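These notes open a run of structures that come right after.
Each of the next two complexes has chain A plus one more chain, namely chain B in the first and chain C in the second.
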Partner chain A sequence: MVKKKEYKEWPPYAPGTHVHESDISEKKITFTWWEPEVQYSWSLGPAMSKFLMGLKEGKIYGIHCKRCKRIIVPPRMFCEYCFGPTEEWVELPDTGIIETFSISYLDPDARRIEEPILVGVVDLDGTPPHHGFMTYFGEMTKDEIKIGMRVKAVWKPENEREGSITDIKYFKPLKGGED
Partner chain B sequence: MGFLEKQTDPTSPMHWRGDMQADYFYPSGIAGDKFFKHLMKNDTFLACKCSKCSKVYCPPRLYCEDCFEEIPDSNWKEVPPVGTIRLFTVARLNAHGKNLVTPKVVAFIDIGSTNSAILGIINTNDFNKDFTNAKVKAILRSKDKREGTLKDIVYWEEV
Partner chain C sequence: MKEVAVIGAGMTLFRRHLKETGKELSFLATKMAMEDSGLEKDDIDMVVMGSAPDAFDGIHMKGENLIDGSAAVGKPYVRVFNGGGTGVFAPIAGWWHVASGVADICLVVCEEKMGNCYPHPQTAFRHIWDPILDRPLTPNLVWLFAMEMNRYMTVHGIKKEDIALVSVKNKRNAVGHPCAQLADPNITVEDVLNSEIMAWPVNRLDISPPSDGAAALIFCNRDIVHKFTDDPIYVAGTGWSIDSTMWTNRDLYFPRYVAQAAKMAYKMAKIENPRKEIDFAEPYDPFSYKELHHLEGLLLCKKGEAPILTREGVTQRDGDLPVCPSGGLLGVGNPIAATMGQKVCELYWQLKGVAGKRQIPGDPRIGVAQAWGDIMQMGTVILLRRG
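And now, the complex of A and B:
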């Protein structure tokens, strides 16, 4: 990190000085500001389409590879282990275990936040070990979250779902006796 | 099912649309700042000369990029906003790839009496002409509307 220098008067300029926020807002310096239009359209393909449309209905779809005898989630049209076509759609439960997690003090726009958000990979029940997708974890603190913890999905209300991975708001801890 | 399944519903292959925020902020720098602030109040450009290799920069620099010699303020001078076209192209598409109603002639203009060049737009209706080596002068915005960017040069006109 470059040590930030404060100047009593601004300008005069000195080489290697920082640009202050007020320099921009009060237009003390000349600059070019441009907001490019960067729109993208990602074609999901048949497997991912079915997965996301399933989330809209509150279902998690996986796909079965008969040769490797495993369920792939998020689904793909071919198995990346044996390169064979995947065959059969299966509906998976919305429970699983925490495969890995991260305590993030940055929000999705990389702004610093006081209360950390918990993100990680959930390994759904019925899928092979170490196999899952990224999600948020909620209803637990940063001290409570553990790898291997049993969790259950908390869905958005049905009318708010839009066929996105965020249709699952987060995964909450599953207490003993619940399923 | 799965791989052998036929797509029958044309609405089902979904597209995920998004908009990436990628704001672009480019401060002019110390030398560039002086250049643009001068341009906001005057109708001339600033240039600076390296005392070691005599190269003249416009827009000015703090250091000579050839011999790394620091250029003092005393070597700065005003130059008239005229130049010669070194190369040019006729743009028929805009930055987003859409067809332009009227094409634009974009040229690389050697600033007279300096060793530097600036990119600019040529004001013309003749898109089949060879502009190489044509003498041009900068047409600037009215002084009250200048904002200290290269857009203060509205276009270049043949003289």
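And now, the complex of A and C:
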């Protein structure tokens, strides 16, 4: 049999040298630094073009997968489940329920913020259960927001819309009697 | 298909910043696995590297950069990655190199250096979101898990106290791990609940820390395993599955892709009743709720039952189903791909009975490890057993 070192416990030691954040900020260790600069342009493709141009007009478009019998939103040109093409655009109401949410005290760089962001997924009316997109929620407090709450889109003014998911500012509570 | 044995494992210290480069960390983990198996570089036929998004290290196509530290120069070499799933997917790839008969001995090295990225590794996560629909909302990755945790809690009526128990258990388990970054022998549920809220319902102590680290494993064809050990540990089964990227089009309360991966692995291992037949588990626990979510995905309990098992102590190291005896990601640290160390290396050490202070009592015969990655869509599962 191959000869080898025997240890009773594994891992027998922990190789590596711990350095503290301050060792770097105070330049106590040697390091090098680089700040990349790069830009991208993404073409939207036919499905997202139609969807985002719809938002600019204040409309939410879904698309029909006839084989799976579901209205898909966000729309795509094919269905990832049956792998058939989708067809027939459908205009959807701008109402739904809160599928899930978070009350975030973190910005995109994980820096702390004072006023929490209410963010989550809206399950849109006119689609199968659990179909929707990520969005902000507003006109409700962190104590009021609940999964299952009925909500309605609050749109940016028409002249400020640019064909982006942010053309919907947020979803607000939908009170009884409103549509 | 060839039967495949594990004959060596190694891992480095896990810390927020390590002085060594990624290559050096790969070298240190590999050297330890070589010491364990008695192999030298020339004995290794092929090498698999596991390392998650390039953006952390800041080196594009970092697999190439890491070759020299991975005993791979002059050999067939491939890097695999599926985000957090990599720590179990890389050993799956190592297994298939040998199971296919293409290699007799395959080394798997997993490396991650998240400390390179400023101001925070989270900044690199900005680049994994869909650029058209998600990025204009300037999302933080913690949002995603907070949303999934909330959905899971709400559907089953789970309390945060019960989820906090996972952090307590794993950070306490990590006390016996020499590589651990966040072991804490005295942590309580109150500490977790009172730690600052990051993105409700996720508090700071519900999250595993970003880390630097590396781990290594060596796989060998059963036909030659007698040269290295008379107490071999075998790969009993592997499984992997991925769900749609459109995560806003499915109910996040249950990870069905993990269940698909688990079923594939159980079928290969001829396991019909996982809860009865599996002795211990190392599910992926980057967040406290994920251990519970994944125990359910691994079909080790019913949907919504994992918090109850946790509360009843079933998942403690001396419980009926020890879970994360290593200390997991919550206690040992989360250098994404290198968590192979607490997941798959730990199965190997536990099954060999050399886990020291972390050793689970009794005579564990079969264990399961699992990881989870990409945008809440990838499930990777491996089963190891004693010969």
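Observations on the structure shown:
What we mean here is this: the second predicted complex is superposed on the first by the 141 of 179 C-alpha atoms of A that agree within 3 Å, B and C clash if a C-alpha of one lies under 4 Å from a C-alpha of the other, contacts with A are read in each partner's own complex, and residues count from 1 in each chain.
One rule holds in what follows: a residue touches a chain if its C-beta (ideal position, glycine included) is under 8 Å from a C-beta of that chain, and two chains touch if they have at least 3 such contacts.
Keep in mind the model is a prediction, meaning the values are calculated, not measured.
Contacts of A:P157 after superposition: neither chain B nor chain C is touched. By the touch criterion defined above, A:G176 lies against neither chain B nor chain C after alignment on the C-alpha atoms of chain A. Applying the stated contact rule after C-alpha superposition, one finds that A:T86 touches chain B and leaves chain C untouched. After overlaying the two complexes on the shared chain, residue contacts for A:V19 are found with chain B and with chain C alike.
Legend: residue contacts after superposition of the two complexes on their common chain; A:Y40 is shown touching both chain B and chain C.
Once the two complexes are laid over each other on the shared chain, residue contacts for A:A110 go to chain C alone; chain B is not touched.
Chain A has more of its residues touched by C than by the other of chain B and chain C. When the two structures are aligned on the shared chain, A:I29 is found in touch with chain B and with chain C. In the superposed pair of complexes, A:F133 makes contact with chain C only, with no contact to chain B. When both complexes are aligned on chain A by C-alpha atoms, chain A residues 13, 15, 19, 24, 29, 34, 36, 40, 42, 44, 48, 52, 109, 164 touch chain B in the first and chain C in the second. Taken in their complex, chain A has these residues touching chain B: 13, 15, 19, 24, 27, 29-46, 48-50, 52-53, 63-64, 77-78, 85-89, 109, 163-164.
Chain B meets chain A in the complex at residues 1-5, 7, 12-28, 30, 32-33, 36-37, 40, 62, 96, 147-150.
On the side of chain A, the complex with chain C involves touching residues 1-5, 7-21, 23-24, 29, 34, 36, 40, 42, 44, 48, 52, 72, 74, 76, 80-81, 99-112, 116, 119-121, 129-136, 142, 147, 164-166.
Of all the residues in chain C, the ones that touch chain A in their complex are 9-20, 25, 28-29, 31-32, 35-39, 58, 119-120, 122-123, 126, 131-134, 136-140, 142-143, 146-148, 150-151, 154, 178-179, 196-202, 212-213, 226-230, 244, 246, 248-252, 341, 345, 349, 352, 354-357.
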